[in-house]
Amino acid sequence: MTMMMFRDALRQALREEMQRDPRVFLLGEDIGRYGGAYAVTKGLLEEFGPQRVIDTPMSEGTIVGAAVGAAMTGGRPVAEIMYVDFLAYAMDQLVNQAAKIHYMFGGQIHVPIVVRTQQGTGRGAGAQHSQSLEAWFVHIPGLKVVAPATPEDAKGLLKSAIRDGNPVVFLEHKGLYAIKGEVPDHEYLIPIGRARVARPGSDITLISYSRTMYLALEAADALAQSGIQAEVIDLRTLKPLDMETIIASVKHTRRAVVIHEASLTAGLGAEIASRLSEALFGRLAAPVRRVAALDIPLPANSHLEKLIVPDTARIVRAAQETLGYTVKETTA
Amino acid sequence: MTMMMFRDALRQALREEMQRDPRVFLLGEDIGRYGGAYAVTKGLLEEFGPQRVIDTPMSEGTIVGAAVGAAMTGGRPVAEIMYVDFLAYAMDQLVNQAAKIHYMFGGQIHVPIVVRTQQGTGRGAGAQHSQSLEAWFVHIPGLKVVAPATPEDAKGLLKSAIRDGNPVVFLEHKGLYAIKGEVPDHEYLIPIGRARVARPGSDITLISYSRTMYLALEAADALAQSGIQAEVIDLRTLKPLDMETIIASVKHTRRAVVIHEASLTAGLGAEIASRLSEALFGRLAAPVRRVAALDIPLPANSHLEKLIVPDTARIVRAAQETLGYTVKETTA
Amino acid sequence: MNHEFACQALRHMVRIRLFEERTLEVLMQGKLASTMCHVSIGQEAVAAGVCMAMQPNDYITSTHRGHGHLIARGGDLGRMMAELMGKATGYCKGRGGSMHITDVALGHLGANGIVGGHIGIAVGAALWSKLSGNQAVTVCMFGDGAVTEGVFHEALNMAAVYQLPAVFVCENNQYAMSLPWTKATPPVSFKTRADAYATPGVDVDGQDPLAVYCAAAQAIAHARAGGGPTLIGAHTYRFLGHSRGDPSAYRDPEEERQWRARDPIALFKARALDEGWLTPDDMQTIEAEAQRSLDEAVRFAEESPAAPDEVAFEDVYFPTAHS
Amino acid sequence: MNHEFACQALRHMVRIRLFEERTLEVLMQGKLASTMCHVSIGQEAVAAGVCMAMQPNDYITSTHRGHGHLIARGGDLGRMMAELMGKATGYCKGRGGSMHITDVALGHLGANGIVGGHIGIAVGAALWSKLSGNQAVTVCMFGDGAVTEGVFHEALNMAAVYQLPAVFVCENNQYAMSLPWTKATPPVSFKTRADAYATPGVDVDGQDPLAVYCAAAQAIAHARAGGGPTLIGAHTYRFLGHSRGDPSAYRDPEEERQWRARDPIALFKARALDEGWLTPDDMQTIEAEAQRSLDEAVRFAEESPAAPDEVAFEDVYFPTAHS
């Protein structure tokens, strides 16, 4: 194992896959000499040359469109879109094209692309640079969606995404690039579609992904001080959802809190909460709680931003309320 | 009251608002001489002239962008996007601009636009012309989202949307334009944000909107034959959700099925189901069921299409299962 | 101009015309599986001229009005008709219909229902050719409506920046649904539009397969030689409505009359006779053969089983073993 | 060229320069509320020249690098600095920061964080001017990066089709982040790019406020008279990195040196002396006054209360009584 930053783990994945498979290439804005806005691709231009690391003009729609076309004809493109917010320019290419081509054309062809992008809060970057839009992608059949929290998972999942035969939206978090974690020294893959128990516990399940996993772990620490053992699940893949792992945990704990940085309403938490409520009906000790961003755009102001998104205190509070929950009497 | 088609009710709304307020104007593709792909604007060019009914080039992004700019400077634009699928080209303008400007610019300015569009299945129109994307819009703070089912509501809600000071996504259903219903003769508005009980009942609540309201009513008819009284709710507005009306009904019936044509996963049904499960925890007789499209793109084949989206039979079955539900024993 | 070339050009045009006339009949009989169907009657010379200039390993991307592109590329009429009727033997298993009709084995990367939606895909195919050295040229067909979508600009720019082997062919049939070209965009030639990307641009008579062929052949050769993209504006006319039930009330009947007088098939036949490229016998043979192929195609399609229910549920994801 | 004009031009440029230098200091002190901040040092002549050509009722849309546009439009330095520091007295209640800084009362329709995101908005403002007859012209400022976004094309086309009173000004500072203009797009003048829309296009020296002013004034007059849009390419250079922490390692130091030798303020001062537009005293007065305004602005901002928590929760929706 080697300790490394999230961004370095991603870079290792890209490098290894580019070495392994000559069809793999990268395209995006400022990914070459600049090394990417968040320094993920630093050095890859120098290593692989401008045929494999392609700086594009500012044309997000056609970056994704070109990735689709290259994938349909034999390439294995990994496109970088600097902020998920800018994918708003490329939704046709991602949703109407990439996600549907395999089905629409009768299975004749498939679209193995990875769209790496970056989302979330933490930098006071404002309404147009801080969104978390995973729910959009999770809603679309034909896409896969991945959102790793640790360097190890980031590397293993990015490698799997590159080898996958389908369009994968790979969501990084702007606040995680510099975090460090152990990464295995040998070659490995993390399978798409499998969640991970990040911390075992028996009293309540905290369901998290991407940056919120760290908040959930902190909350679990805090809860442990009052003797509560929280189990933390790191989803890792958002589509397909690993409901098996989630349900197995909540079956046991009978209490769950889902945490995400995306807006509450119609966020991924709703999907998980409703699946849990259905699967474990009558067996939950309290309703599934969602700790999410308020339904408010994000201010370009680090202090105000913090008021909108989940923090450890809100998770702890939600967990405590869930643990102290008693069914109110029906007053029909 | 006058019997009229959905499209005619929409046209009346546009006409009345254009007569009332000289700032109201329409823009979109083929809305002038052609009268709109679904004939909603027929005759309005002749009546109001090319300054108020503006045929645009094919540029969905800039249609919405131009609406935003016109609204910021005093106009009251109503943009038509022919299919919701094509809004994929305009997500930046709708989501990063229209939805955020009021907040982002400190409340200095607001963006009173209506984006009328059309969605749903029923015509075997294929993967790129049949989506139902309401969940995308409902997820975005700053937008309002409306999806009427009846001509009366269509007219009253469109008038309210035009008078609203915020961006409103107005979702019509391609299968509803020719349905008929009574429309009041006097001027009226239907408020944004209020659901309607479309059929009272006491045994189970069917929560529907847009075209699925008719399926829910049919299902209620079928259920009535075996003595089950289903209450049908027509949401009408999807953002903000009228949870008060929904909860009031389900508190009473203790059973609910949410029905929509959008894909199941991360669809609006998840939001409603999780809010219900939380609000009425311990008071539901069965889990909230979702009857939605399968997570599959839509085939350009009317027969196959029907296999993917909800129909009356599926709703009846879900209702019956909900009514016959018994909590399974925990097998931990 | 040799005899064989003329035979082929006429053959393509006639097959397209007959296929689409037959499609309209089948549609009127209620036998199509989708409501989406757009025919290109009047525009056949563009598809014929362009596809004849292509090599077997080249790629083409197509539009909602794409029957002609697939036919001229060598598409099987039976599988096409089967696709339109939603049959199991259709190109897309009866799941794509007219608007997504595709034969990937022919380098056809799909008809597309989003106007402009495939233009980026064409850039990507051409990019991969450049990166992999596969020697293919990608031809991107699109309508005049797509010219005003942002992707047109992004794609032309990107193809020009990377000097990609791509040829962009605008089938300017003068209308995007009801919007006349003259109201969609200022009166600017495709040559001038291409100048904005420092790339060759040319305007050709889209009613003349030979003119289209020459422009396309030159552009394709230029692209294959590493010279980068070309923009071709092929000026043509859609003889019928945008789709079923569109009486084209927004068009001037006199304009329609004038364009109909320039039917590409009639013009080509007259010229071929004049120039001695073809005899009346040749033409009759071609037309009879096309007729027979169509009869057979329709029979094949009608006798094919409907797409079974399972087809609705397959192919959402490509199976991946790796992870 | 009169004395007053020169005073104003210099005043604008100096205020912008000082504001941004001060912004960088404040940023280094950790006093900005957002991490997003882009300065336009080196490009001041463009903002000055353009805004001086505008009338009070005109509109302007701005970019992520927009301090200069708002200052030259008459923005209050104190409220601007307060906005950057996240103060309650800021233009956007401390919620917009540098990238969304806006004074709507000045016809400023917002700085925008999405490259190209405001170009459609400019079209809409100009469209409403045409429909309402409000006599305003809308000036749309954008960077070279935006030129390759699809919206640029859609907007130019739509403005040209409707002959809208809009002026599109590309502040071509030679780089979009690390991407040089020469690699973003083929070497084509803005004149030629405008030809694609049959609309006037002009390339000007963006280091010369007078040249920019003349081009903008002509374009604005043309637009106001109903002549439709103009595309202006103002060629300039960003002296510093894209944003904090960008050492511009992708640039040739020799190139930087050459451009720095063309500092718009130094150039203008030299010329103003030469031509007798301004005396050294005039200049000193202008600079001292600007310095004072900045000191005051910073004091105002620092003394202002931080945006209270409630600000985070307000203004998601505009209150509507009607329904």
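Per-chain residue numbering starts at 1, and chain names A, B, C and D are given in the order in which the chains are listed.
One rule holds for everything that comes next: a contact is a pair of C-beta atoms (placed from the backbone, for glycine too) under 8 Å apart; a residue touches a chain by one contact, two chains touch by 3 or more.
Since the structure is predicted, the reported quantities are computational estimates derived from the model, not experimental observations.
Using mean Cα coordinates as chain centres, the one most removed from chain C is D. Set against one another, A-D and B-D show the most C-beta pairs in contact at B-D.
Note: centroid distance chain B to chain C, computed from Cα atoms, is 36 Å. Averaged Cα coordinates give chain A a centre that lies 40 Å from the centre of chain C. The set of chain A residues that touch two or more partner chains comprises 57, 59, 61-62, 85-86, 88-89, 92, 96, 103-104, 126-128, 141-142, 294-297, 299-300.
Residues of chain D in contact with two or more other chains: 94-96, 100, 112-114, 117, 148-151, 154, 157-158, 161, 183-185, 316. On the side of chain A, the complex with chain D involves touching residues 29-30, 32-34, 37, 55, 57-62, 85-86, 88-89, 123-129, 294-297, 299-305, 307-308. Remark: chain B residues 61, 85-86, 88-89, 91-92, 95-96, 99-100, 103-104, 126-128, 133, 135-136, 138-142, 239, 241, 251-252, 262-263, 265-271, 273-274, 277-278, 281-284, 286-290, 294-297, 299-300, 325, 327-328, 330, 332 touch chain A in the complex.
Residues 59, 61, 90-96, 100, 102-105, 109-110, 112-114, 117-129, 131-132, 134, 136, 138, 150-151, 154-155, 157-158, 161-162, 314-320, 322-323 of chain D are the ones that touch chain B when the two sit in their complex.
Across the complex, chain A meets chain C through its residues 23, 25, 51-52, 54, 56-57, 59, 61-62, 64-75, 77, 92-93, 96-97, 101-112, 141-142, 144, 160, 163-166, 189-193.
By the touch criterion stated above, chain D contacts chain C in their complex at residues 148-154, 157-158, 160-161, 183-188, 192-193, 195-199.
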